[in-house]
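Next come two complexes built around subunit A: one with subunit B, the other with subunit C.
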Partner chain A sequence: MIRIERRLTEARWLVVAVPLGSLLGAAILSSIILFLTGHDPLATWARLLDRGFFASGAMSATLVTATPLLLTGLAAAAAFRMQTWNIGAEGQLYLGAIGASGIGIALRGQPALVIIPAMVIAGLATGAAWAAIPGVLRAYTRTNEIITSLMLNYVAGLLMTYLIFDSHSFWRDLSSFTARVFPQGKYLSEAASWPSFPIGGAVIPLGLLLGVVAAAVLWLVYTATRFGFEARVIGDSRAAAHYAGIRTRRKIVAVMALSGALAGLGGASEIGDFRHVLDPRGLQQASFGYAGIVVAALARLNPFAVIVVAILLGGLSNAGFSLQGATFPAGLVGTLQGLILFCALAGELLVHYRVRIGRPGRKAPPLSQVGVA
Partner chain B sequence: MVAAGQVPAVTMRGISKRFPGVRANDQVDFEVLPGEIHALLGENGAGKSTLSNILTGLYRPDEGEILLRGKPVVFQSPRDAIEAGIGMVHQHFRLAASFTVAENLVLGHRDAADRGLLLEPRMVEGRITDLSQRYRMPVNPRARIWQLSVGEQQRVEILKALYRGARILILDEPTSQLTPQEADDLFQTLRLMAGERRAVIFISHKLEEVMAVSNRVTVLRGGRVIGTVMTKETNTRELARMMVGREVVFTQKKEGPAQPERQVALELRGISANGDLGTAALREVNVTVHAGEIVGIAGVAGNGQRELAEVITGMRRRTAGQVAIRGRVMRGGDPLEPIQWGVAYVPDDRLGTGVAPSLSIADNLVLKAYRRAPISTFGVLHPRRIRAHATELMQRFNIGASTSQTPARQLSGGNIQKVLLARELSSRPLVLVANSPTSGLDVGATDTVRKLLLEAAGRGVGILLISEDLDEILALADRIAVLYNGRITGIVERQHADVEQIGLMMAGAA
Partner chain C sequence: MINDSVLVVIAASAISYGTPLLFAALGELLAERSGVLNLGVEGMMLMGAVTGFWAVQTVGGPGWVSLITAVVVAALAGAGTSLIHAFLTITLRASQIVSGLALTIFAGASGLSSYIGHVANLGGKPARHEFDALNVLGLRDAPVIGPILFHQNALTYVSWTLVALTLFYLYRTRPGLHLRAVGESPGTADAMGVNVTAYRYIHVMIGGALAGIGGAFFSLAITPSWLDGMTSGAGWIAIALVIFAFWRPELALVGAYLFGAFSSLAFTLQARQVHLPPEVFASLPYLMTIVVLVLVSTGWARRRLGAPAALGVPYVREER
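Here is the complex of A and B:
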């Protein structure tokens, strides 16, 4: 008989051992699949690691992918720490991209020192404003923020599509005939491209640096400020927070806005570091907002762990692209990535629960035999 | 009723159960005869709940064996225990509030009323009526649980166990939420069941009721059995000594001359408020508490006590009336206002409202002071000062925990209450509202809490003490007000207090 029991205490070593064990489990499971489909598991793994992290330029590419994952991961962690379930990082990232690209286009001709800070601020502000909508609804009308923030993702996606494909908006490029027939956004000026910093063979985009700073700030806010203390109390017990005189409603709005600002910064970095144009299709295909939830969960809401997880998942995702080809179908790549995530999340269960394989003991004798009835 | 040489209904031999850091049960031997009401007496943490959880199949013992009618059994799950005829009535009821009595009885129970996936509660209504008449526990099978009083809900729990054929019935602190009259009715029912040679295990830490209802008493302390005695051959003093391990004398308020010129600390004028369901819970309540005075609010829970405490502390909006602290009227409806005005509050829901359970002791001790210097300046907390603050208060209030970083939920009830009182009293309040401050605490912790309340009153704090424990109110309060159905039905000086009359007022009969 197999039972799953809640652990009475959570041993510290499990926090390290379980993720490692999960990775090992994923490696074994996917090796079986690779073997069955006629691929050499070891060679595939070696290629995966190489393309993700070690090949020339691989790390730089990984860091570009990791940047939005880092920021949306932080966005999710910021909200989840207070038991506020912002599922809307996806939409908040779109809004950040809209805001940053809008200000970037508007400030065309200005020097980088003006445009780039303006883009950062615009991304933060638009993401925060978008997230404040479900925040206000949650705080003052007790609407479920999971549903409202999720639904607003679709609204944000459609808004972005509208701006480029279905209107002659400020964001759309209408300067040439082809641009009018095949809709696309206005490209930003050269000065609006965010700088990057080569360090030890890898190129670090500005967005990633901002993300690392944001992780540190988030950690400080949650551990060392009044704001963070209140958020911790609310996250633990709303009744205790009310009792202690904490303004829970304002706090919910503030934390949602903080979360949205981080996701919005992710959107701004996508524009400044990478795309340089508002690209509705590219952004929606990437689904960085949803992936951020996974990042935050794997990092157990620890901001510094979010950095590590974002880079690992970024590498995994990039390596997947380079693996697929004639002999290696895209479906198989997805299967491998899925298995790794699946094992990592399933392993989380083992931190809190243990599986007990009990010998089927003697059953209680029936009433008649005991002589009770 | 208890004859020698019978085969015991339950025999537990050498039961041990360890949890990380504690031996909850250590070589416990325990037996119950058919037809016997056997009390299991002990302080909180003595191992009573662990032992009953083992008997009901929730835990598996590390060592030892269980015999039912002399035959060894091993329970893999609570279902096995239920099938073996063991029924448990928990202190906190396990009933589905929006379902009817009949539905609750058949829920999760496979028998004749079970038609595949469909439940047919109507079929069992007749049997419920039979059972409830036989054991004098009137209850309407079609009533929904939320419509019932606490006493009625308990009857449903007992009926549920009987309906499932329990021959061995375990009741965990069954009187903790009952009026004295309801408790007497319960004892009658238990005697009827024992008369049918069912075995009744009665878990309690109240000495008087153990003396009143049981045939034998087994006392647990620190996970071990201290002894089993015949109730006829013992007395409350001996039981208390066995339970605590020393002589116990409860703290009493010294009779002091009244000081009529003392300042008014708290004044309630015509307070009305609604309960959670939107119905009137308080009706024009007037109470005055002077500095240094303890005013007791007696009454059975659910008569507006919680609402009264919440209105004073801003956690609930009033519909009429005024709350004044030292003559200044509060706006109300905002918990921060009374905190800043010097109103301390010990809520009845300690873990969850009074403290944030996952936060550390140190954090909980600054749950209200975190806003001000020296704990924080310009929005930044000072962890070292928080720790120093915690160390000082843990020493001063004798809070038993290894470090100030221990999460509050890992503390015993008594230590949680000390954390709460340490925080509230160290804020130098003018008024303290304490709701059921000793409920569920063991003898030692109860005494500590009472001493702290008396010391606070001695320093001039005006205390509104809400308690269901009439003995406690009689021991501590200068004046006693009785709350019944949202109204104050009478206020008496302690010197003139007549227990019988207060009891009648509590039941709304005076």
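Here is the complex of A and C:
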């Protein structure tokens, strides 16, 4: 007989054990899938870990992949903490990329000190504006933000495709004959490349540092400000927040915009740190926005944990993309991410509940022992 | 001839494009009626699309045997995928929102469905068999109604039967009554002696099976081939459809064809040399989903909404 009982206090040690166990569980489950489809699990994992973390230059590539994951992870954490389900980080990241590359092209010829801050601000602003749409609809017409934010991901993807492939837009390179036949975006100037900082064996992109700062700011906002307190109250009980006189509508819009700004910064860093051109196909294939949900959930919405998880999952994604081919089928990374989420969800049960195996009807401990009285 | 006019062509293809939405929406409707929100429809559809296509390529015999097997395989794949969600949310009481998202990430584009498609090397090949439009009662060429009602494929007619069956089940049978009770007030249903857990498991899995069939409609009828992420958001539109339909099967039918029309507009108008960027048409279904969702979320509609009261809430007998 298995019984599930609610714990009166969160088990502290499980807060660390559950994410670690989730990774292990997902590794085992994915090994089963690999085995069933005729791949050697151990060899595959060895290649994944080597290409993600240990091979020469792997860590630097991993940090580049971890940067957008960190920012979309923070975006998801910021919104989910208030039980506002912004699933639109994907589209907000695209918009951030559109905004940052647009301003980067417009400021061609300016020094880096002008262009780079402008790109950061543009990414933040366009991402926030795109996220504000489902935010306003949620707050003022009570429209389900999950579906609206998700639908806007597809629209944002089509918008990017339109700008590069089906129009003569400001973003598209029309300078040469080949560029007219094979559409591509305008490359940004040298000064628009974000600086990176070599530390140890790895190169840290500017976007990652901005992400770490953003994590600290997000943590401060949620623990030390009235705004964060009110957002947490709304998250725990919307009715209680309403009775307490908290302006829930404004807060929903603000938190959505904050979340979108973080995802937009992820898009800006993709342009500044990595691509230097608006690349619709590359950005859509990476699907950093959806992966951010996995990052946030595995980090249990803790901004600092998001940093660690983003680097871990960034390594797996980076290895997955670079190994992709006949012997290493596509789709393994998404499968792995899904499995990690499943395990994290199952593990969440252990944090809040105690699983008792034994005969039912055992006497409950006196209240003084469990610390209520 | 009148059957070549834009409106008739759009109406006929709206039904074709709307059919997968109808399957998926009916399935989601049943799951939600039991109180379980499953945001994994997109993932389940893609699993159905890839496994159905795999089955049609590998199962021999006459075309119809192969196609029926493919539909069964797709339904089983969808139901199997949904079982993960059922276990996590019903037995382990996990958040239905996060679990559903996890299901879409796990099974969806660049997830397991993509993995299966690549491992089995399904990409870039035409289907060996596909669902062709039938000539029902020989009325295919009847003016206006011919192409719209009598020139669809078998799965479309199955979906009409399903709407009728679902209506009958929900409102005219005892299990249907119990299902509605489970979704509205699981505590009361439990006290009546209804097995809440069993009802939820079964209906989540029926939902998965129907989503799987809806996905197979893409790979066996709309574009008879397999492409990673080929449903491109249809699963999410189906979830929105359940809301527009006020959780009623007959309205899901209307909604599915409305959205089928938005999807078909892109192809029909482009074929007729209407010069607008293709992205404008392609984004139409997504934008219209938002518009319609806002409309049904306003005060007037909200009063008439039929959302099951216990939707999204795990049922814990000890905490009743």
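Operating definition for what follows: the second predicted complex is superposed on the first by the 284 of 373 C-alpha atoms of A that agree within 3 Å, B and C clash if a C-alpha of one lies under 4 Å from a C-alpha of the other, contacts with A are read in each partner's own complex, and residues count from 1 in each chain.
As a convention for this text, a residue touches a chain if its C-beta (ideal position, glycine included) is under 8 Å from a C-beta of that chain, and two chains touch if they have at least 3 such contacts.
Since the structure is predicted, the reported quantities are computational estimates derived from the model, not experimental observations.
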Please work out whether A:Q337 is in contact with subunit B alone, subunit C alone, both, or neither, and reply first, second, both or neither. second
Please work out whether A:A224 is in contact with subunit B alone, subunit C alone, both, or neither, and reply first, second, both or neither. first
After the superposition on A, what does A:R142 contact: first (subunit B), second (subunit C), both or neither? second
After superposition on the shared chain, which partner residues are touched by A:F321: those of subunit B (first), subunit C (second), both, or neither? neither
Figure out whether A:F170 sits in contact with subunit B (first) or subunit C (second), or with both, or with neither. neither
Mind working out whether A:A239 is in touch with subunit B, subunit C, both or neither, as first, second, both or neither? first
Please tell me which partner, subunit B or subunit C, touches more residues of subunit A. C
Mind working out whether A:F54 is in touch with subunit B, subunit C, both or neither, as first, second, both or neither? neither
By the touch definition at the top of the document, which applies to A:F197: first (subunit B), second (subunit C), both, or neither? neither
Can A:L349 be said to touch subunit B (first), subunit C (second), both, or neither? second
Please report the subunit A residues shared by its interface with subunit B and its interface with subunit C. none
For the subunit B and subunit A complex, residues of the former touching the latter: 9, 19-20, 68-69, 71-76, 80-81, 83-85, 165, 167, 313-315, 334-337, 339-340, 345, 347, 349, 352-359, 363, 367-368, 370-371, 376, 379-381, 383
If we count contacts the way the header does, which residues on subunit C are in touch with subunit A in the complex? 39, 43, 84, 88, 92-95, 97-99, 101-119, 228, 232-233, 236-237, 239-240, 243, 277-279, 282-283, 286-287, 289-290, 293-294, 297-298, 302, 318-319
Within their complex, subunit A touches subunit C through residues 4-6, 33, 37-38, 85, 87, 137, 141-144, 146-148, 150-152, 154-155, 158-159, 161-162, 166-167, 285, 287, 290-291, 293-294, 297, 329-335, 337-339, 341-342, 345-346, 348-349, 353
Which bits of subunit A are touching subunit B when the two form their complex? 1, 8-9, 224-229, 232-233, 236-237, 239-245, 247, 358, 360-367, 369-373
